[in-house]
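Let me give you the structure first, and then I'll get to my questions.
Chain lettering (A, B and C) follows the sequence in which the chains are written, and residue indices restart at 1 in each chain.
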Amino acid sequence: MSEGTALSTRGLIAGYERDLPIVRGIDFDAKPGELVVVLGPNGAGKSTFVKAIAGTVPVFAGRVALGNDNVTQLPAHDKIRRGLAFVPQTENIFATLTILENLELAADILPRHLRRQRIASVEAMFPDLARRPALRAGQLSGGQRQMLAVARALIVDPKVLILDEPSAGLSPRIVGEVFSSLARINQSGVTIILVEQNVKAALAVAHRGVVLVEGQLRHEGPAATLAHDPIIAELYLGVAPALPA
Amino acid sequence: MIELLSYGAFFLTVALTYAIICLGLNVQWGQTGLFNVGVAGFVAMGAYTSALLTTPEDPVRFGGFDLPIAVGWLGAALMAGLLSVLVGLLTIRLRADYLAIATFGVAVVMQLCALNLEPLTGGPFGIGFIPRPFGWMAEDRLTFGLLNLGLVVLTTLGVYLALERLLRSPWGRVLRAIREDEQAALALGKNAFAFRLQAFAVGGAIMGLAGAVQAHFIGFIAPENYVPMLTFQVWAMLIVGGSGNNKGAVLGAVLVWAVWAATAALISAVVPPELQARAAALQIVMIGLAICIMLLVRPRGILGEVRTVSRHVHEASGKK
Amino acid sequence: MIAQALMDGLIAGTMIGLGAIGITLTYSILRFANFAHGELISWGAYAALGVSGALATAYAPLAAPIGPFSFGWSLPIGLVASMVLTGLLALLVDVLLFGRLRARKSAVIILVMAGFGAALTLRSLLEFLFTSKPAYFTDALQIAMKLAPGVRATPDQLLSLGVSALLVFAVHLLLTRTAIGRAMRAVSENQQLAALAGVDVRQTIRIVWLLGAALAAVAGVMAGLLVQIRPHMGHDLLLPLFAAAILGGIGSVPGAMLGGLIVGLAEALSVQVIGAEWRAAVAFVILVAVLLLRPRGLFGSAA
């Protein structure tokens, strides 16, 4: 693996059934501080790809490295301890816990003396959440839930933050808020990997994009050029890509 | 030789009454995935109903009505089916294990009723003089035994064939579809609740019928016949035979009953009287372990489930 | 009469409540109704009986009654030992049975059935070891103290009330104020997300078993102290326990205790009206009423 990657995969094969893998051999790198967006048509395996990295979908072959450490087979609860945080697309907060309890839960894996301080610093980033710590998270709106999910992931001060379609189901105005806060988090030094259907908004904040098709990485490039690449239009119109299979 | 033959007839008759209960449980669990932990309660309902309907009048309690045995059996199935509908209405819409808890309660309450509703059930002494099929032949033990066996075989076969038909009908296919994938079945516009309730009632009615058959074969019933142990035995039979498979239900019943009867005979022959209670407890440990081990090692039972749904797929792929 | 029935109901109710807390915890976190929970109660009672008996034989002064109570120091020590032993038993059953089924992603109802098989095995094993003859922690007879006109209770009963109240409070604090409590509630809501938040789910499940079994052991020792010890004692409590847990709302510790008190009081009062032989039906009537009127219970979240 190359020097100075925050997260990389080599020959990653993953899915729900061994004889029917959904991710079929992906080599991927994210440099420290980078914001990479993972694009691709429906069913391309984007979501399974990031879940396999996070440890909620079985990896059948290949490896996942966080910095220089091989974390492929670590259980999910150990990956977050190593600084790899994942925000699932749905059910990404604990609805029966209060806002503060959601944050405390995430802080419980930190050394005792850091907990208050990390919660306070995350609350500073999301003042909306700080205002009502005792509210049950289940009562939050869609956008607020997404914010809480991101806040929960940031408590441990992760090196890499992975998000699975954070804009799904949100109104355009809220989507803008989510992406601008992601950009801020990224500027503070956190490497972000983002799965998105919302191509325009995602490429607007990302440094780089990769395109998955049928479980394989088929295309990549700087976000600025990718935004005008005809292949993107083709993929999202559902036309089969004009690439050699 | 005649002794052996008549014991054989007796053994098979009892085993087959269990097989009928097992078939009823198979409709609920094997086909529909409804967990009934109160089998004994539904069997008791059938036994007491039939006893009440068919025994000669008894001055110290309500009834009996001296009706024909067939009326008793029909009444037994109806009442047990009705009880199932009530329990089903209460719980089938809720979490899957609430049904288990509620049926567990039904068995407890039926047991209490049998014990305490003396004017109806005869209390702890139970009900005697339940008319036996072919009672006029009782002098000739072998013929009597064989005739009774014949009747129970016919009843079992009747229930078996009726169920096989039912399960291959569109109704049975919907039932399995709901069990396998409720969302998909719902999307097809099938009312899952109604189908489940019907299956639960059919299963309960069969258990009630089995209770009646058993009561008439033995001739008297008492509350201690319907303790949780009965439920456990029937479950062991179904799991060993293979849930979802009617042949397996019958096979499991005969097999488990054979092991049970053999170990019981062994215990009474070998174990000194003062230790027999303990040995009987070990026998139950065995049933419990059998249930756990089958769940772990061979969850589909000895025969497993017959794949009626995917029959066409098998035919298409040439496996048949 | 009524006042005394209320007192008796209160005492029986706290016992049911303690057992129901164990049920509600395992139910909400492991997501299945554990029919073997009653057997943890029975095993808890017998384990305490064994340990306290051995201690009393080894060192007689330990059997000398403490103050107004009917038992010596051997029993509290036996109780603590039994909480540990019963916890280990629960872990063993989990490793051998439930854990394997979970790993295989078996349906809830398979777990329920496995619990049912485990209950049968454990109960009959007790019967094999100790026979169905009742046993007692002590032969000392206690005189009930007059608390108010027409209300009497023995010191043992009052102590049980106090210990239960303390335990309920402690478990409630554990769940709401500590990291392990948060982890349990998180696992109860969403196991996968809990793992992503850094919770070791398997570790949490082990702790839930230990806690539930320890509470079951306390309930068993109380039942043994106030009534008697029999292999079927836990099985006979199972219906009241489930009724209490569902009435309180699955997952709610204060709910389980309140449910236990309601079931205990209802039993004691209805015994006055319809006779002791129908006691076991009371829990069923309550269960049916809850399922009809408010299936999620008093404090349960709408599922």
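Note that a residue touches a chain if its C-beta (ideal position, glycine included) is under 8 Å from a C-beta of that chain, and two chains touch if they have at least 3 such contacts.
Just so we're clear, the structure is a prediction, and the values are computed from it rather than from any experiment.
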Farthest-lying chain, centroid of Cα atoms versus that of chain B: A
Pair of chains ranked first by number of touching C-beta pairs: B-C
Geometric centre distance via CA averages, chain C-chain A, whole Å: 44
CA centroid of chain A to CA centroid of chain B, Å: 54
Between chain C and chain B, distance of the C-alpha-averaged centres to the nearest whole Å: 32
Partner chain C, residues of chain B touching it in the complex: 33, 35, 37, 90-91, 94-98, 100-102, 104-106, 108-109, 112, 115-116, 228, 232, 235, 239, 277-278, 281-285, 287-292, 295-296, 299
List of chain C residues in touch with chain B within their complex: 32-33, 35, 97, 100-101, 106-110, 112-114, 116-125, 127-128, 131-132, 235, 238-239, 242-243, 246, 277-278, 280-281, 283-284, 287-288, 291-292, 295, 303
Chain C partner contacts - residues on chain A that touch it in the complex: 54-56, 75-77, 80-81, 85-86, 88, 91-97, 101, 104-106, 108-109, 152, 156
Residues of chain C that touch chain A when the two form their complex: 179, 182-183, 185-186, 188-190, 192-201, 301
